[in-house]
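In what follows, structures are represented as structure tokens.
Next come two complexes built around chain A: one with chain B, the other with chain C.
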Partner chain A sequence: MKYNEIAVLTDIALITCIVQRGKADDIVRAAQAAGASGATVHFARGSGIRERLGILGVAVEVEKEVISILASTDHVDHIFEVMHKAAQLDTPGMGLMYVTPVEKAATHIPPEVLERLRGKK
Partner chain B sequence: MPDTSDKSEAVDGAHVSNSGPLKLKKIRFSAFQHELNVQQRPVSYNGVISAIAPDKKRRRKRVKLRGIDMFRLLRPYVQVRFSDQVKAVLPLAIYLNLFQILILRQNISEPWVVMLGLIAIIAGLMMFMEGLKHGLMPFSESIGAILPAKSPLPVVLLVAMLLGIVVTLAEPAIGALQIAGAMIQPESAPYLYEILNHWSGMLVFVIGLGVGLAAVAGTLRFLYGLSLKPLICLALLPALFLSWQMAGDPYLAEMIGLAWDCGAVTTGPVTVPLVLALGIGIAGAAGKGGSPLSGFGIVTLASLFPVTGVLLLANHVAAVTSPDEIIAAAQATTRLVSEISWYEQSPMQEILAGLRAILPLVGFLLLVLYYLIGEKLRNASVTIYGISLCLIGMIVFSLGLTYGLTNLGSQSGSLVPATFSHIDSVTDSPLYLFGIGITVTALFAWFLGFGATLAEPALNTLGMTVENLTQGAFRKSTLIYAVSIGVGLGLTAGVLKVVFAWPLAWMLIPGYLLAAVLTLFSSEEFVNIAWDSAGVTTGPVTVPLVLAMGVGLGDAVSAMEGFGILAMASIGPILSVLATGLWIKWSVYRKRANEDIQTSLAAGETS
Partner chain C sequence: MTSDKRSRLITCIIPKGNGLQTLEKLKSELGLLRAHVHLARGTASNAPKALHGLVEHAEKETLEVITDYADADAIFAFLFESLHISEPYNGIMYMQPLGRSTGYELSELPGTADPV
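Coming up: the complex of A and B.
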């Protein structure tokens, strides 16, 4: 097979959501129900608002989970909203999330989908 | 999400509103979409950061919380920690209840009191452990990391030793000893009664001294990389010798069970992490940390050294008083007990005991921090929160111990003999033929030990360490089952010992001698693992339960004393894990040997 072409995805955005350890699974499940195709979770440490919560700060884990989800720009707002709700980000100490533009990405794309998209062009 | 038919209807309605008699409600599509999507209102972060910026005194503003925020933050926090303790307590309680109702056909007396007591145990343990994490652990860690750099080695070792003593006071299971002591009849076991009632402060101090020495020895082991084998043999030698000597004296023999049980009591949820944190900190500061085995050993020594201490104390008590004097004094006091001062009654007694347990530890750690390290509390409010949580937890736990676990344990213990012999409190006992009854009792003890150990979370952690250490040769599940079966067998042996009044010394001494022999033949890793697994199994729930059960059982069969069951439950896993380790080593060796033969045969064929 000649390796002279790779399919590069555009119109992609990256949602990054940082929550307390142990909470990522539920949020990823909600995001997937809302149309996200996959998620990467890794561990981290971090604090900020924890120190300003006083005694209640002990209820906030310093250990965090960072969820990264690549979403199409059509879906990104919807997934963003669903994740915001699932993570209860309006409560202080629950974490934060942000969307960054992505220039390009590549992964496995089913060949039949590729063919169809090429036909449309 | 509303389906798309709404959308088309709304759009259609805009077109046909004037034509028919049908009155249609007009909805603007943009308004509908507005409802569907959450509105995202852009807020400039520049504006936010200037609004919450620190004021002139450089103090950051506190966050205001709504009620729902408090709930959302606290619910998972409490839930996780509560369910951890529920998992440790509930299976045991259910097992004991079912056994009592189905096999013994007895109802639980005072079920509500027992239940409230169990809830108190769960809540108390939860608060205590959380408080320990926030209030005391940071102290111990920073002392361990900083002290060796600031003070010479003798001072560091002195601090380790003192920490061992005060930490023993704070161990929740130590209170169970006093409660068990109150159930002893002075006539049947005078020395035991005397030590547990009038010398109890001294007893705890001696145990603490043992733990302190163990902390010193363990730290030196970290620093110089000593092998655990000679240390174990050195610690065992005086303990076994004293036990052997005391077994000859009928009055002193009753102390052996208590002494060996004390070793199991010390390795609880306070001692192990605090002393370990200090030891590892010291080893790390000396550049000797990081060895996967460095965490082991202290636990083992902390369960062996106190035994010798208690045995010596028993000899001392025997030298000062005689059994007749003790019995006479006990009878004199029972006539006078009509008036108990307010601070010796149930709720006050537990509160005072809680204060007495925690405050010395806190005071000691603070003194070391201020005078030796010269550092101030970094996060005072969290530390105060942790310490007060520790205190409340300890008090609630002691209350639960009195009303819940000890109650339940002594009930089961005193009723179990109904399976094979006549007991006044149980009508139509014996319930079964003698042989069947004894078998039921043995099985009861075995499953109690097996189940309680299997559920122990600390064992799971140990199992993972072991699997990594042995490169997968010693599987996690192998260790867990080896330890659980060992504890089950040990508990069975202990219960049978109480029922048949076998002399404990003749079970302990051969057991530990066998363990010593196996230790000499095993590799260093397995020795560390095996001896530590005994300490891991005796947590704050198992210890009071088994102690109370033993004393209740001893009462019911009118044995002299019910101690020694815990000691048997400690030696059981040591033997089973050492044996499993040797077996694994042997099977690996045999496999290698087979391979060697095959390769040499193959080599012979080709040449």
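Coming up: the complex of A and C.
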């Protein structure tokens, strides 16, 4: 398939959120309520927080969940803020989140949507 | 150490089952070694809903491939076709610029024709 036959999506960004294991589902639910169309979650292991917090570090789960959400650049700020609140990221040890640019994305686009988009051009 | 400042990262989030054979294809057909697969769980707004209206979580595989800038579009198209991304419920893929990346060389093992 030639590259110019693929309908690509632009103006997309990737939100990555790293939280303690067990917290991802609530954050994903909040993101979807805010307009995110999907999410992917995988496991990871973190380091550093226990060394810094000392005895208090036992309260922080070393096992992590990494949430990846693609969002349009129009909505990424709103979804980011909703996730920030749901994940309580302003509390030390709860996790971190960042946004990275996406050059292009491709997925199934229903034919009627594709025709509508082509008609707009 | 050589590093390429113009590489691209192609990420494919696909239903579980095709990741490893796609890795093999990337190696055998395109000679690509800078790729890996890991498991994930995913949810999408258009996924089939379970009985109580909860969105179904499904096992996914995340395939990540690092490519040179010059080959990025061709590899993107190759993966789009190999993984049937255009079909419903077959996942999504995206490309991101990388700040820096390294190569990945494998040495020949004695007595083997094709290094793993």
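Basically, the second predicted complex is superposed on the first by the 117 of 121 C-alpha atoms of A that agree within 3 Å, B and C clash if a C-alpha of one lies under 4 Å from a C-alpha of the other, contacts with A are read in each partner's own complex, and residues count from 1 in each chain.
As a working rule, contacts are C-beta pairs under 8 Å (C-beta built on N, C-alpha and C of every residue); 3 or more make two chains touch, one makes a residue touch a chain.
What you see is a predicted model; the values in this text were computed from it and never measured.
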Margin query: Both complexes share chain A, so when I overlay them there, do chain B and chain C fit or clash?
Written below: fit
Item checked: Superposed model, angle subtended at chain A by chain C and chain B (C-alpha, nearest 10 degrees) -> 90
Check: Now for A:Ala87: first (chain B), second (chain C), both, or neither, which partner does it touch?
Finding: neither
Next item on the list: Quick one: classify A:Ala34 as touching chain B (first), chain C (second), both or neither.
Entry: neither
Margin query: Quick check on the superposed pair: does A:Ile55 touch chain B, chain C, both, or neither? Answer first, second, both or neither.
Written below: first
Notebook entry, point to check: Taking the superposition as given, does A:Asp77 touch the first partner, chain B, the second, chain C, both, or neither?
Noted result: first
Next item on the list: Determine, under the contact definition given at the top, whether A:Leu14 touches first (chain B), second (chain C), both, or neither.
Entry: second
Next item on the list: Quick one: classify A:Ala105 as touching chain B (first), chain C (second), both or neither.
Entry: second
Next item on the list: Report for A:Ile69: first if it touches chain B alone, second if chain C alone, otherwise both or neither.
Entry: neither
Checklist line | Which superposed partner A:Met97 touches (first chain B, second chain C, both, neither) | finding: neither
Next item on the list: Give me, in Å and rounded to a whole number, the least C-alpha distance separating chain B from chain C in the superposition.
Entry: 17
Next item on the list: Going by the contact rule at the top, pick out the chain A residues touching chain C in the complex.
Entry: 1-3, 6, 12, 14, 28, 32, 36-42, 68, 70, 100-109
Note to self: Please output the residues of chain A touching chain B within their complex, sorted ascending.
What the structure shows: 22-23, 49, 51-60, 77-78, 81, 84, 88, 91-94
Next item on the list: Spell out the residues on chain B that touch chain A in their complex, using ranges where they run on.
Entry: 37-38, 40, 60-63, 65, 68-70, 72-74, 76-77, 80, 130, 134, 381-382, 385-386
Note to self: Can you tell me which positions in chain C touch chain A when the two form their complex?
What the structure shows: 8, 13, 38-47, 55, 60, 62, 73-74, 76-77, 80-81, 85-97
